[in-house]
Amino acid sequence: MRKTLRELAQYLEGELVGDESVEIGGLAPIREACEGEITFLDNEKYYPDLARTGASAAIVGRTTEIPPGKSGIRVEAPYYAWARLMEVWFPPEPRRRIGISERSWIGQDVAFGRDVNVWPGASIGDRARIGDRCDIHPGVVIGPDCRIGADSVLYPNVVIYRGCELGERVILHAGVVIGADGFGYILHDGIHVKVPQVGNVVIEDDVEIGANTTVDRAMIGSTRIGRGTKIDNLVMVAHNCQVGQACIIISQAGLSGSTRLGNYVTLAGQVGVVGHLSIGDGAKVGAQSGVTKDVPAGEVVLGSPAIEIHESKRSLVLLKYLPEMRERVLELEERIKALEARLGGSGG
Amino acid sequence: MRKTLRELAQYLEGELVGDESVEIGGLAPIREACEGEITFLDNEKYYPDLARTGASAAIVGRTTEIPPGKSGIRVEAPYYAWARLMEVWFPPEPRRRIGISERSWIGQDVAFGRDVNVWPGASIGDRARIGDRCDIHPGVVIGPDCRIGADSVLYPNVVIYRGCELGERVILHAGVVIGADGFGYILHDGIHVKVPQVGNVVIEDDVEIGANTTVDRAMIGSTRIGRGTKIDNLVMVAHNCQVGQACIIISQAGLSGSTRLGNYVTLAGQVGVVGHLSIGDGAKVGAQSGVTKDVPAGEVVLGSPAIEIHESKRSLVLLKYLPEMRERVLELEERIKALEARLGGSGG
Amino acid sequence: MRKTLRELAQYLEGELVGDESVEIGGLAPIREACEGEITFLDNEKYYPDLARTGASAAIVGRTTEIPPGKSGIRVEAPYYAWARLMEVWFPPEPRRRIGISERSWIGQDVAFGRDVNVWPGASIGDRARIGDRCDIHPGVVIGPDCRIGADSVLYPNVVIYRGCELGERVILHAGVVIGADGFGYILHDGIHVKVPQVGNVVIEDDVEIGANTTVDRAMIGSTRIGRGTKIDNLVMVAHNCQVGQACIIISQAGLSGSTRLGNYVTLAGQVGVVGHLSIGDGAKVGAQSGVTKDVPAGEVVLGSPAIEIHESKRSLVLLKYLPEMRERVLELEERIKALEARLGGSGG
């Protein structure tokens, strides 16, 4: 497919800069783009890449200067505009309809909606209810009494333990495990006695969860992932966590038991959160942080233990000056010794 | 099911406080409990929740004050008592017996004990031995020459490589991988040459391992997980590790090769341990710590690198005072300069 | 099998020390070895183990002193020599040939090379091309349009999403997920809108990837793992990362999106790397480090945030002296106060 820059600017309702007749045949990231391709610049941090890019044109912000000789389209939200172009160039393939494979295993009293696909090698337990147009890929195992909302996609080898519930348009990537037993034991007479984990997991509409992430079932009640929350790969959500709506949880983060996240919380990669804490709406936790106490709504924290980010960065800067500070202290000691010597003996 | 508080107190052999005739119809965590439910308080840190809970009654410690207007049961170990009530309200379902599914794949010379369940889509390699009453769920793959002890449960999509051994009553949650090759290479002529990993993994009785955790096979000999040890989700145990009995290893912790844990060791979440170290009996490692040297028995360590916990906490407190300390040093410098000026020139 | 030490020394072209007639019947790590076994010492840090080992002989470096009463073989590279002996004692089993199981599921127009094994319960999507002598284990799911090079091994329950490419002699351990959607969303009108992830993953020849590791597909273009790179278990490689050749990435490390690693880069366990960074050839990142800016070729960094290792270690040492430093500052303050008092009032 080829489009002129003018056509693209019209489609995006953006401001055209430079040569409107440039023909665009493809999309590429700013560092890899070649002639005939369009790219985008969303973060001004990478502005130097804009001059160097091989792309014929770039989608940029309303106030971004386009380097001489380049063409571009100015829009309010460059990344969002880019995503819209992605959908033009790469329209989603029509959903394949294979029906319920005879080589899947279906338990008793399973209720299927319309146009469900169940691939060979998938297993669905007794009394499960699978909504319209769900895709159940090979190797998926859905336990008895689960409910899966319409238009959900379970990629290969996802496992959902008994009695868990998924909303509509939920996407679970390969290897996700929903509803394994929470990690609960009591040390009694020298033995770790297992505490029954009789709750479940509830995943609301429009949640997407990355490959090999695990969300444990509640000891009692439900572990809950709120509507529109997106979770990356290899994340751990422990039993009885309550994750709010539209949160972003990046790879390898871990939530201990009974932690509560408000709405629009962001946890960066490899963050750990101690159990029974609350992280307020809109709070952000920096990468590798260890959260050991409640975080108020809107606060940004960093470090292990995590503290308010400016305080944390100030400490980090000072850490760098530690060697210098130590030398200064030693030098002061010498100078005081000299002063004391000059003033003589046991004065005071 | 409904029980009076008197009946429950008798069952738990606890001391009844308040109204013995209260009818209890369910169990719930302290923050979610409603009227007619019983809850528990194990950690005095959450004592304020006890006054606020909607529960009609609470199981508490021997010396815990029950707030006015509430009823409760005082016991030695509230969490343990709670777990016993859980078993009353939620008795384990009778084990389903499905036998060896014709839609599983069974190799040659596999030996099954009595009442084994092998679900559709499971694979068992040649010469494997599966003990009495094991549950082998869909998608489980057991390699040749493995031995699985009686009453073990392998949840969906667990993989056990050739020649590994599990004891009795072992529980492996979905996606666990036992016995993949250890990570061993030698850089030779610019190439990472693979070192053969010919050992196995031995998992002793009563071990439970969480979803998507991996335990690698030994280069030679065995990687071993001791009796009664409990491992959470997404943990990594590298080749040739020797984990003792009744250890607790929390989510996303990682053990490098040949590490030795004594008995009753606790590793909190996201801990990392360098290879070839020993962590003594009963030692505890705080969350996100990085252990870089041996930890003596009974010691509690924290931080990256991990040091004795009080020392670590002292450093953390001091870190907070770094800005202040820096200002003090700068101020001292000024005051010394002033003193030096008053004492004049190149004295001494 | 039994060999004399003389035979082994000849095979390894090493220098024999001690009794050449000692009969060796097995191999074992230095701490577990018994009489009649040979062990090795590669890292002088563990030299004390050499005197204590029960082994009858040891492979050591050219200049290593063999303790009195022990025999040994001196070679240039002890670990490599050991690996060669491993292959003598444990020759790889001849590859089993089972062909394409009728109990696997094969899509349309799949092209198989010679002697491919596809085990029961594996699924291969339409138009996939599987090279000669590949082993596709049970529960593996290969999406449509994938290409797998010759002699590759996909252990049980590996998942490869559509359109990904593997080179020759690639080994993917159980539970690896290749090509799941990258984690890309744009917050638009309060909703995290998914950015299409239309790229793929390219894994070059001789790559080995550990259990339950995930490598996400590119938003556009390819996420790439270079030839000869070895990745451990539970690692996360995000979309559009470019990992060079012969890198070593240890367990639970995580790379954010669009990160570039040169060749021969080492990332130790639990390292995190921020997105869009470059780590130069031969650079090394210490365990649990958080890399927040580019790392030049050859540099060794440590810490979170990661800095040059000597600087980092110096800071760590100073951290230990913080309590002392604080006391010194307080003491200096006292001494200055005393000096000021002696010099009297508002002098200067």
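Things worth noting here:
Order of writing sets the labels: A, B and C. Residues in every chain begin at 1.
Note that a residue touches a chain if its C-beta (ideal position, glycine included) is under 8 Å from a C-beta of that chain, and two chains touch if they have at least 3 such contacts.
Note that the coordinates shown come from a computational prediction; the quantities given were computed from them, not determined experimentally.
Separation of subunit B from subunit C in touch steps, taking the shortest path, is 1. Under half of the residue numbers at the subunit A-subunit B interface are used by both copies of the sequence.
A separation of 24 Å divides the Cα centre of subunit A from that of subunit B. In subunit C, the positions touching at least two other chains are 121, 139, 157, 175, 212, 234, 252, 270, 288, 304, 319, 325, 329, 332, 336, 339, 343. Listing the residues of subunit B that touch subunit C in their complex gives 105, 121, 123, 139, 141, 157, 159, 161, 175, 177, 180-181, 183, 185-186, 188, 190-196, 198, 212, 214, 216, 219-221, 234, 236, 238, 240, 252, 254, 256, 258, 270, 272, 274, 276, 288, 290, 304-305, 307, 314-315, 318-319, 321, 325, 328-329, 332, 335-336, 338-339, 341-343. Every residue of subunit B that touches subunit A in the complex is listed here, in rising order: 27-29, 32, 46, 77, 79-80, 82-83, 86-87, 89-90, 92, 103, 119-121, 137-139, 155-157, 171, 173-175, 208, 210-212, 228, 230, 232-234, 246, 248, 250-252, 269-270, 287-288, 304, 316, 319-320, 322-323, 325-326, 329, 332-333, 336, 339-340, 343, 347-348.
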